[in-house]
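We just call them A, B, C and D in the order they show up, numbering each chain from 1.
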Amino acid sequence: MDKRIADLAEAVAGIPDNATVMIGGFGGSGAPIELIHALIDRYLATGSPKNLTVINNNAGNGHVGIAAMIEQGMVAKMVCSFPRSADPRVFTEKYLAGEIALELVPQGTLAERIRAGGAGIPAFYTPTGFGTDLAKGKPVAEFDGRSYVQERWLRADFALIKAEIGDHLGNLTYRMAARNFAPLMATAATRTIAQVSQVVEPGGIDPEAVVTPGIFVDAVVSVPHPAQEEDLNRAKVTHPEVAA
Amino acid sequence: MDKRIADLAEAVAGIPDNATVMIGGFGGSGAPIELIHALIDRYLATGSPKNLTVINNNAGNGHVGIAAMIEQGMVAKMVCSFPRSADPRVFTEKYLAGEIALELVPQGTLAERIRAGGAGIPAFYTPTGFGTDLAKGKPVAEFDGRSYVQERWLRADFALIKAEIGDHLGNLTYRMAARNFAPLMATAATRTIAQVSQVVEPGGIDPEAVVTPGIFVDAVVSVPHPAQEEDLNRAKVTHPEVAA
Amino acid sequence: MTTRLSNAQIAWRAAQDIADGAYVNLGIGFPEMVARFQPEGRQAVFHTENGILGFGEAPQPGEEDWDLINAGKKAVTIKPGTAFFHHADSFAMVRGGHLDVAILGAYQVAQNGDLANWSTGPKGVPAVGGAMDLVHGAKRVAVLTDHTTKDGKPKLVQQCTLPLTGVGCVTRIYTSLAVVDVEDGRFVLREKLAAVSLDELQSLTGAPLHIDGSVADLTVPEV
Amino acid sequence: MTTRLSNAQIAWRAAQDIADGAYVNLGIGFPEMVARFQPEGRQAVFHTENGILGFGEAPQPGEEDWDLINAGKKAVTIKPGTAFFHHADSFAMVRGGHLDVAILGAYQVAQNGDLANWSTGPKGVPAVGGAMDLVHGAKRVAVLTDHTTKDGKPKLVQQCTLPLTGVGCVTRIYTSLAVVDVEDGRFVLREKLAAVSLDELQSLTGAPLHIDGSVADLTVPEV
């Protein structure tokens, strides 16, 4: 078994129109920029994939990563907790123009719904959001005298995540707070594609230190020196590059 | 902040009669033998704690650990998935005599109920057990055409767990499959007491390698060369030691 | 009585259906033998409920580390690519549909896929372990079993009379006489020992055996 | 108008109530200042939703590592005892009752503890982040806020008119004029600036301020 994929274009080649795609990251930390840009490049060359539903904590920053996907018109709907950033204009303009849908989910509920999707738990109860607009229309129930909202699992066709070290079997580690949603998304997608800064042979990761066991990962692509979204935005990079 | 406790007797001193106690371990792997035996010694000296509810995957093996607690009559009820072992006689005899209660829970549901307890999720739905005797009387619901059982969270007054390395702040690592239920139980108990093979200063555990963050741990006791339940049973050890 | 396959031979047959790289959970006891018979060039990744993925064979006697055990509490070993995790993550793998195959023993299997394998009734101490979780979530749930009970009663039945482990969960049954699929609420015979006639096999089976296409010979080497 | 406490002074006052070793989550923006004012000899452990416990101060400019940020996407540092974990574990800490204190900003707080701090209405792009989770689970949920809006309207009200973040969740409010507890569906005044009279404070508050025992002077140094 060897889950390595030779290049980024091949890694994202199977993502079709109308797919639901989880994308790791919290702001720029953990954002799989190279995978996202490979997907944008495919869209620019072929017109596909479009009409995507993207699940991420945020809704892009500047003109790279998820913001660039939105800017190109690939995204029909965002599922996120915080569609704001230092430069959220791309999402904001499309949203206010009614050109993109938004499902706003409290951050902990977003994380738990994704975990539930990966763990085979179709629904759970949480105190979060009870009595608020974000719980409207959802079943509520009382347990031990306290009220809770029923939330459903969240699953996706694909997950695009950024990890630090990956082995041939798909075992992964992460780097600091870049871990965030990635280990959850890896469990909740039909196909999980991980870009990793370093590929090692099986045994190259201490069995105690594996954060995402390989069973949750379908493809591993080596991206030795990944871009950091925050750095790109500070340098005013856009994707694709355009003349100023 | 320093969560170290000087000795085992002090670590278990606060556990009262009628408490619910989660005890880590799957069979002998991860069984906190020294903490359990300290609790038994306290009971033998003072008559307390008694009438305990114990949550563990199993119900003891031989005449050490949980089996010895049951043998001494400290345990009113076991919550477990598999009350069998190489030598389950202590539990079996009390159970068949009606002297101990049993709540039998499928293993994955047991794990998920404990996780839910620690994560503030009062109830969730699982496919496990649907249509079986173990789901009798529990609410069922259909999601996307499939039937599920509603299960409630499980929480405890105390958790007694065995870890490998612990720092002063309560951050913990485990050793191989001895990890099992301990990281979950640590989250679901009002007070979590960990015996560790090695104590290190804060910073002595790589932040990436922490399995149980210190927020879930209240007390850390050093037990440099912990006994392995399996070894004790193979050597026919009993606790307390009795003349053959 | 027709010569039947040994437990090892049933396990051998089941092993032939496991693809290279499949994630597999083997039930305690007899199903554990499946690991021994992986065909040349294929390597399954074995999962055990107590928190190990990709563990290796049993260690040499005397080399056991009792923190490194499988769900049957037998000592195993690590190999390159092993990962450890806690019980909630372990059963997320199980319930979440991440295992390709779970292989379990059975007291009874019904033609609709119901499985009874955890309790023979109200006597004694009940114990369920991970069986009720394992029958949900894995893409294929296979059963290994003698075709009949020791006293000759069918184990493949119209409806289970023993307490259920799971409803409609079994997809394939490897017995000492045949390979039977569960499809649309019926038993479909796929393979049988050449030495056993269809009539004889049906007489040892508690529900109709349907035939859908051809029935292959069940051929298994001495193992 | 009476001189009011600055945001930094409100944060200073809130910091005095945090015990040594407390686990604390500070909301994005103004509440983050609380970390600066930990009293001598006490050390709280700070949690950030994006998966860090026990992080340290901001790094020097130019030393930022953008994989090491807080929930406000500001760079932080590690220190001895830091731990990293994923988002589900992070919110297990939040919802599961493991935090001692969560400190947030507010648009409005009602006398029953209802909090509105995420939306000023249907215009623009809504964003909630972790606020709705943070208000449930922490043992104490404290709010830092100016006592009134910029145009002088009360922020402590009988009933919130803005969309709620949480129902009955706030336990203490630190304002630019006073410290107010929420108890049994009422505001209970604990401290006020000596320079502000009870009548004046009540006139700036949208619901009755009850007095239960004595009201201390709210004294805060220049910070």
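The working rule: contacts are C-beta pairs under 8 Å (C-beta built on N, C-alpha and C of every residue); 3 or more make two chains touch, one makes a residue touch a chain.
Given the structure is predicted, the values throughout are model-derived calculations rather than measurements.
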{"item": "Contacts common to chain B and chain D (chain labels)", "value": "A"}
{"item": "A-C or A-D, whichever has more C-beta pairs in contact", "value": "A-D"}
{"item": "Whole-Å gap separating chain A and chain B, where each centre is the average of the chain's CA atoms", "value": "36"}
{"item": "Mean-CA-position distance for chain D and chain C (Å)", "value": "56"}
{"item": "Centre-to-centre distance between chain D and chain A (centres being mean Cα positions), rounded to whole Å", "value": "30"}
{"item": "Touching two or more other chains - residues of chain B", "value": "112, 115, 119-121, 126-127, 174-176, 207-208, 211"}
{"item": "In chain C, residues with contacts to at least two other chains", "value": "78, 84-85, 88, 91, 94-95, 136-137"}
{"item": "Chain pairs in mutual contact under the definition given at the outset", "value": "A-B, A-C, A-D, B-C, B-D"}
{"item": "Footprint of chain B on chain A - complex, ascending", "value": "112, 116, 119-127, 141, 143-144, 146, 148, 152, 173-176, 207-209, 211"}
{"item": "Of chain C, residues touching chain B in the complex", "value": "48-52, 65-69, 73, 78, 84-88, 90-91, 94-95, 114, 119, 124-133, 136-137, 163-167"}
{"item": "Contact footprint of chain B on chain D as seen in their complex", "value": "20-21, 23, 43, 45, 47, 53-54, 78-85, 88-89, 91-99, 136-137"}
{"item": "Partner chain D, residues of chain B touching it in the complex", "value": "1, 115, 117-121, 167-169, 171, 187-188, 201-205, 207-208, 210, 213-216"}
{"item": "Interfacial residue positions of chain A with respect to chain D in the complex", "value": "26-30, 57, 81-86, 88, 91-92, 95-96, 102, 104-112, 114-115, 126-134, 147, 174-184, 211, 228-231"}
